[in-house]
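The following block contains the structure, expressed as structure tokens.
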Amino acid sequence: MGEFAIRLFVLSLLLFVFGAFSALCFSRRTKWANVLAHCSSFFGGLFGATTALFVLSTKHPIIVTAWTIVSDVVLRLKVDMLSAYFLFVISFVTIAVSVYSLGYVTEYYGKKPMGLLGSGLNLFVLSMIAVVTVDHSVSFLIAWELMSLLSFLLVMVEHEKAETRKAGYVYVVMTHFGTVFIILSFLTLFFFTKHLDFSSFTQTAAHLPASVKNIIFLLSLIGFGTKAGMIPLHVWLPRAHPAAPSHISALMSAVMIKTAIYGLLRVNYDFLKGGATWWGAVVLGIGVLSAVLGILFGVAENDMKRFLAFSSAENIGIIFMGLGASLLFRSYHEPLLGALALTALLYHVLNHAIFKGLLFMGAGSVLYATHTKNINELGGLIRRMPWTAVLFLIGGMSLAAFPPLNGFMSEWTTFQSLLHLSFSLDHPIWKTVGGLLAAALGLTGAFVAGSVVKHFGTAFLALPRTPHAAKANEVPLAMRFGMIVLACGTIAFGVWPGLVLRMTNRITESYFHQSLTGRAMLYIPFHRSAESISLGWTTIIFFAILLLLITLLRVWVGKSNNRYDETWNCGTPLVQTMEYTGTSYSHPVLMIFKRLYGIERKVEVQGEYAYYPKRIRHRLKTEAIIETKLYRPLILGTVWLSQRLRAIQSGNLQSYLAYMIITLIVLLLWIR
Amino acid sequence: MEQWIAMLLLISAIRLLQIRKISDSVSILAFQSFVLALTAGALWYQTKLPHLLVAAVLTLVVKAMIIPAVLHYTIKKIDVHRQVERVTSKYSSLLIAIILSVAGFYVTSRLHLPSTKFGAPYLPVSITLVFLGTFIMVDHKKALMQGIGLITIENGLFLVAQAISYGMPMMVELGIFFDMLVTVVIIGILSFRIHSTFESLNIEKMSNLKG
Amino acid sequence: MIDMGEVSLLLIIPLMTALLCWKINVRIGNKLQVAAALFNVVVGLFIAKNVFFHAPITGWHRLIYIDALSAFNVMLIVLIGFVASLYSVGYMHHEVAEKIIDAYKVRHYYLWFHLFLGTMLAVSVVNNLGFLWVGIELTTLVSALLVAFYRKGTSLEAAWKYLIMGSVGIAFALLGIIFLYLSGVDLFGESADSLNWTVLNQAAKQLNPQWTLIAFIFVLVGFGTKAGLAPMHFWLPDAHSQAPSPVSAVLSGVLLNTALYGIFRIYTIVNTTLDGKAAPYLIFFGLLSIAITVPFMLVQHDLKRMLAYSSVEHMGIITLGVGIGGALGLYGAVLHMFHHSMAKSLLFFAAGNINQKYHSKRMDRISGVVKAMPITGSIFLIAAFAITGTPPFNIFISEFTIMRAGFQSGHLAATVLFLLFVVLIFSGMMYYVVRMAFGEAPAKVEKKEMSRWSTVALFLPLIAVIVFGLYVPPFFQEIIQQVAVVLQGGKS
Amino acid sequence: MVLQAVIIILLAPFIQGVIKKTKARMQNRIGPSIWQPYYDVIKFMKKDAVLSHHSSWLSIVTPYIVFVSIVTAGIFIPTYSLHNEWNFIGDVILVVYLFGVARFFTALTALDAGGSFGGMGSSREMALSAIAEPALLLALFSVCLSSETMKLPHLVVSLTHNGWDWFAPSYVLAFFAMLIVVIAETGRIPVDNPDTHLELTMVHEGMLLEYSGRYLGLMMWAAQIKQLLLLSLFINLFFPWGIEGEHIFVSFLLYVAKLLALGMLLAFIETMYAKIRLFKVPKLLGSSMILSLMAILLRVFE
């Protein structure tokens, strides 16, 4: 049976390779390249997901050795439980994205080389799979940077735009900085364990002195955190994700940043096997910061994809909160709670992958149909694109963690983990903090809901604001189908948490020797009182009441006769310029958190008499405070210093000779 | 005797820093090389090693005659402005030269020469010559003077090679002489081209490539 | 076993090619020199193979000695030399067509170019440190003429600086070699053998440590100038940026290695004598070389200067690797030599195409290379990523090996600094690369690849850059291993 | 439980009527009849609806969703009895998020017709709710901390058995914190004015501006149920006495009595205060959060 899984896995990998090469070979024939690339990635994803499920159900890791890179560096893929879970996440999203891409890339026919685009997608997915499965630090780094590189190249697909180039640059540099920290953490491990393969890390790293473990933890946190997009290392994320073609943004936001979570879990659970209490506290702190600030920055955005990118930073924050709680429980030796928090974060990894993939595809569909991402130029799409609207709404509701969708389930588990920080840990600080964290999570959720309302409401409802929004058409079947796959996922994983628990339990068993029970209902047997939730039942009750309500109304009162008329607008007919825009929608929030946005507000009233102005210009300038206050001084300082230092290459030969002779004399004096 | 020769070499090097006209330098250089040849000859006389004689003759021919001739020809051909231009003033350059000499003597003071009978005083002088040669290159702004500084450095090298280790193996020595000749010729050629391109031999004009 | 025939062939082919190309028609010369370079590749690789898999070659009264290190260098020179000569055809053709140079000058170019290759090969195969010195000085002279090839003000300036600094440096190195000779004089008496590397290496333990150290300092500063180690590297960006691109590729790709070869030959002896006390100097200069390029990478205007600074950086990395030492450090350093040669020559070829297409080396005038020249642009991008040590390209493997060696041998601070500088350099270089490679090309630039010659030449190093990043073949690892052993002083 | 659902649906207009009547009396008006909300609901149900040209199917669906999700949430809130066989389905987090669903759809549909007032109401509602939600959670948490569960019936049980002393300062602080949140969530003065007819000051009513007929009826009814539920929550967190009474009828009466008292208190507060400026509301809610935090701190460090 293990043989079968290995074959399946290799087949899936080969399919991605095949997709990459066949797309390149057929790059002249656009259609062929499209179909070949995305069909093979579809099947690759399908087989990959099957492999993952197979491994998780048989509980036997599979190992595929590819080749030796150099001396003792072996490229070997090992799918253990953690890898299998992430493999599943990647493959599942890939399946949907592949289908979606079949339609979406037609947008680029004749504009961009389809062969490169198709093979880029395949290789990108392949590299992500490699990241979560390789078991040697060097091959990991290779896969990791390959992933970054390919995603960078895919971000640069529309490189004609200056902002894309800037985004790409910021992305590639920041991710490289992150990698440096990962390299350092691996090297530190190497320094103490004398080996570079993951299995020796697993065996020996747990017994390292605490200070070393602390260093490794911090290095890996910064390294992987950059990729994950944790605040304040997130600045690349809201630039790069929107700049990429939407199917790529879907992959990047939904899956790529999750590989960082994989890395953190690998290092902290597999290698270090937990550590000091403050680790959890640090991760929790970063998590709550990312979650709250991420969404607060996102609220101000009117660009759909930028908002979604910020929301990715926010969701990473939620995942980090789960991770922090889990680390904390681990250090307090609370296996059940640790397992709960770990489940929460793993669950959210999957859920976020699904709904964020769906939303990016939805935004992509809007982009495809209208060629703009700015919601202030949209409107009324619900009539022109009913499918996209519904699917986007489902994604949005899941993003805002509304029952009965999957987003709620993982948020609920995260809530429980956070609340039990105070309920179960007997330490005054955790008792206080747990509730605050939960409140912060609630704040985040409410802001997300508001932002979803803003984006959906402005883009899909009411009157079209521009002609291209008015002339939008529903997207091709393939794109809709790709979104439907994920939409089904959001519902299925919401109402039937057992599906996910069967996977996550394998992981919690290996790290905590604990598993959670649940099929339709998630049940956690705490020692005081058990907690449980069932969205399936909630849904049933909901629909029962709904049915009853409609029936009763029908029977007792009869059908409601609807008449259609103008919208009330103080008596004047409604035109699109009177509609509430995205900008004005987020205005109250901006005013409440003025400081955070560094708001510059300018109102210009034109006209002789202030009460009857001819025209009012209202200008609201926000600044990205982290960038202006943290990054810009750093960058400017570096550049300034470089310019000063460049003076040594003055162009004057004599000074060069002087440097030489001085060096020589100093050295001679030194050795004397 | 050796002390006197060493002094002569040193003074000639410092003198190169004090010249007014470029053409003066050629004769000083020829003198320096001549003294060098003399040293080699003296060593040959003392040790009776045949290749030292070859070295002495080569030095005399190549360094004291051909190279100055090439330089003289170049100077005449280009017709450079007579005045030399320096970075430092006359006195400060003298001061630095003295400091460099002290440094040269200082760094070599603890080195014990292996099995050498005669050349011991030459070691600090040769190192100092190397330093001073470099300083000549640093101090002078005229391109040609850098060639002269280079030759001073090489003279220092030769002094070490001849006086202390009684010369390098023959073949190597020939190679080195050949190399040096080619270097000077190429420096000459480049000087021509530079002069025709920049209409000056002042290397401060040649600082377009920076950063 | 191999006799001296092949070795003499190795040295004579470039010489003959040079003279022939000088005399005959350019059109025939073009093909002839490519064929000759290819033939030399065959000869070089044959020799190298013999050395690697049989034994070192000695001959001509022990004047010639080719061990794994020499053979490795020979291999690099013939390979890069071949690709550069292939590339030169298209490059020079374009320069003539654009009336930048006269047609007859191409013959001069080939003359000097092949002489240059010949001198470098000679440096690699001689046993005697004196001749090694002569050879390196000759490379300076010949390549200075190549740098001055365009006879513009800037190229003359660059050539002048190169020549002067190179000569001063080389003079210091000679002094060092003399001191080294002195250190062994007691042992061997005054014989030509006592300048022979093999002899010195065998007796390294008995040499006079005081003299060897001072010798090493002079050699380090001297050949270090030639190899572009900071703070003696100042000529390098000038020379490498002003030379014709194929020459820049050879300068960066092999000449610097050849100069390092000189340092390492002597270092191997000295380090044995001094019992490892020479290593910190290499680490220091290595790190300084990496560090000094950072500001020039962060703020730069000229494409080829940027690449030249990158060469300084990589020479620093190699030196650092050797300084860190140990089997792993040397292994990484040697591997890095190879990888750097491939990646950097590739980058210079691509840059040459870009310069010719855009008629400028100024980076702010270059944009949209991938649009104007899809193949060159993509390769340029790959090479740029490779040179900055991004996986999955070859440089990463060797850089990581060096870092690993650094951690293994406890040079933590040096390694961390190295990593920091490398990432700063990455961010500087990428800033410009992204701006150049992407975006819209200026309207006046014709959207077409440069000549076929110029494009084809890119592929050989490209293969090495990509393949070696993911898979270093076992036989090649064996080769590197042998070279590392030589660098360790013959003991494995 | 079906009974509980029916009771909350039916009782909600009554409480609204009581509040309105009390308020009117306090303002020296006679005011409408206590049963007026029932008449309104019945009337609205019978009327035809006028919808905007620009609105979509969302406008029709939303009232049902809002109504049903609030009723569903009501199942998980203890009212007059703690025996709830559906308890395993959810806890207070689910309740909060079900309210969230209702709010989400209300706010979304407010944008459907395209009018500025809907947008304004929606935008304000979502901004304020973002502050109100953590305040609610924090206030709830400050109470839950003693019982260590988020399941409401368990919570109430533990409150009745070993609950806080009314004299404990943390309890008092939590009480006031919760009160502020309840006022904000029910959309009453000083946060929002349910009786306003000035479009510019409306928040919740602004969102309902485009509704008419049955849809308006459902929305208003849903709002009343939500109000009832919040009050029940409040009652059972702070005055759970008697909920576990022997006789269910007694505990029901007690529950209604407590509702009436609380309703009157709300009416009183509403009469005493004026609506505050929109941008002052976050400060009010912030003070609620600070109160909760202090309650928690006192509780933890007691």
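Labels A, B, C and D are assigned to the chains in the order they are written; within every chain, residues are numbered from 1.
Methods note: contacts are C-beta pairs under 8 Å (C-beta built on N, C-alpha and C of every residue); 3 or more make two chains touch, one makes a residue touch a chain.
Bear in mind the structure is a predicted one, so any value in this text is a computation, not a measurement.
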item	value
Touching both subunit A and subunit B (chains)	C
Leftover contact groups, counting everything except subunit A: B, C | D
item	value
Chain occupying the most central position, where position means C-alpha average	A
Top chain pair, ranked by how many C-beta pairs fall in contact	A-D
Centroid-based (C-alpha) most distant chain relative to subunit C	D
Centre-to-centre distance between subunit C and subunit A (centres being mean Cα positions), rounded to whole Å	44
Whole-Å gap separating subunit C and subunit D, where each centre is the average of the chain's CA atoms	77
Between subunit D and subunit B, distance of the C-alpha-averaged centres to the nearest whole Å	98
Centre-of-Cα separation between subunit D and subunit A, whole angstrom	35
Interface hub residues of subunit A, defined as touching at least two other chains	646, 649, 653, 657, 660, 668
Set of subunit B residues in contact with two or more other chains	110, 134, 137, 146, 203, 206-209, 211
Junction residues of subunit D - those touching two or more other chains	none
Touching pairs among all chains present in the structure	A-B, A-C, A-D, B-C
Residues of subunit A defined as touching subunit C within the complex	67-71, 73, 75, 113, 138, 141-146, 149, 156, 159-160, 162, 164-165, 168-169, 172-173, 176-177, 180, 183-184, 187-188, 190-191, 194, 196, 638-639, 641-646, 648-649, 653, 656-657, 659-660, 663-664, 667-668, 671
Touching residues on subunit D, where the partner in the complex is subunit A	5, 45-46, 48-58, 60, 64-65, 67-69, 71-72, 75, 86, 88-91, 93-94, 96-98, 100-101, 103-104, 107-108, 110-120, 122-124, 126-138, 141-142, 144-145, 147-151, 154, 199, 209-210, 213-215, 278-279, 282, 289, 292-293, 296-297, 300-301
In the complex, subunit C residues that touch subunit B	128, 130-131, 133-134, 137-138, 141, 144-145, 148, 151-154, 156-161, 163-164, 167-168, 171-172, 174-175, 178-179, 181-183, 185-186, 190-192, 195, 208, 210-211, 214, 237-238, 241-242, 296, 299-301, 305
Interfacial residue positions of subunit A with respect to subunit B in the complex	646, 649-655, 657-658, 660-661, 665, 668-669, 672
Parts of subunit B lying in touch with subunit C, wherever the complex brings them together	49, 110-115, 127, 130, 133-134, 137, 143, 146, 150, 153-154, 156-157, 160-161, 164-172, 175-176, 178-179, 182-183, 186-187, 190, 193-194, 197-198, 203, 206-209, 211
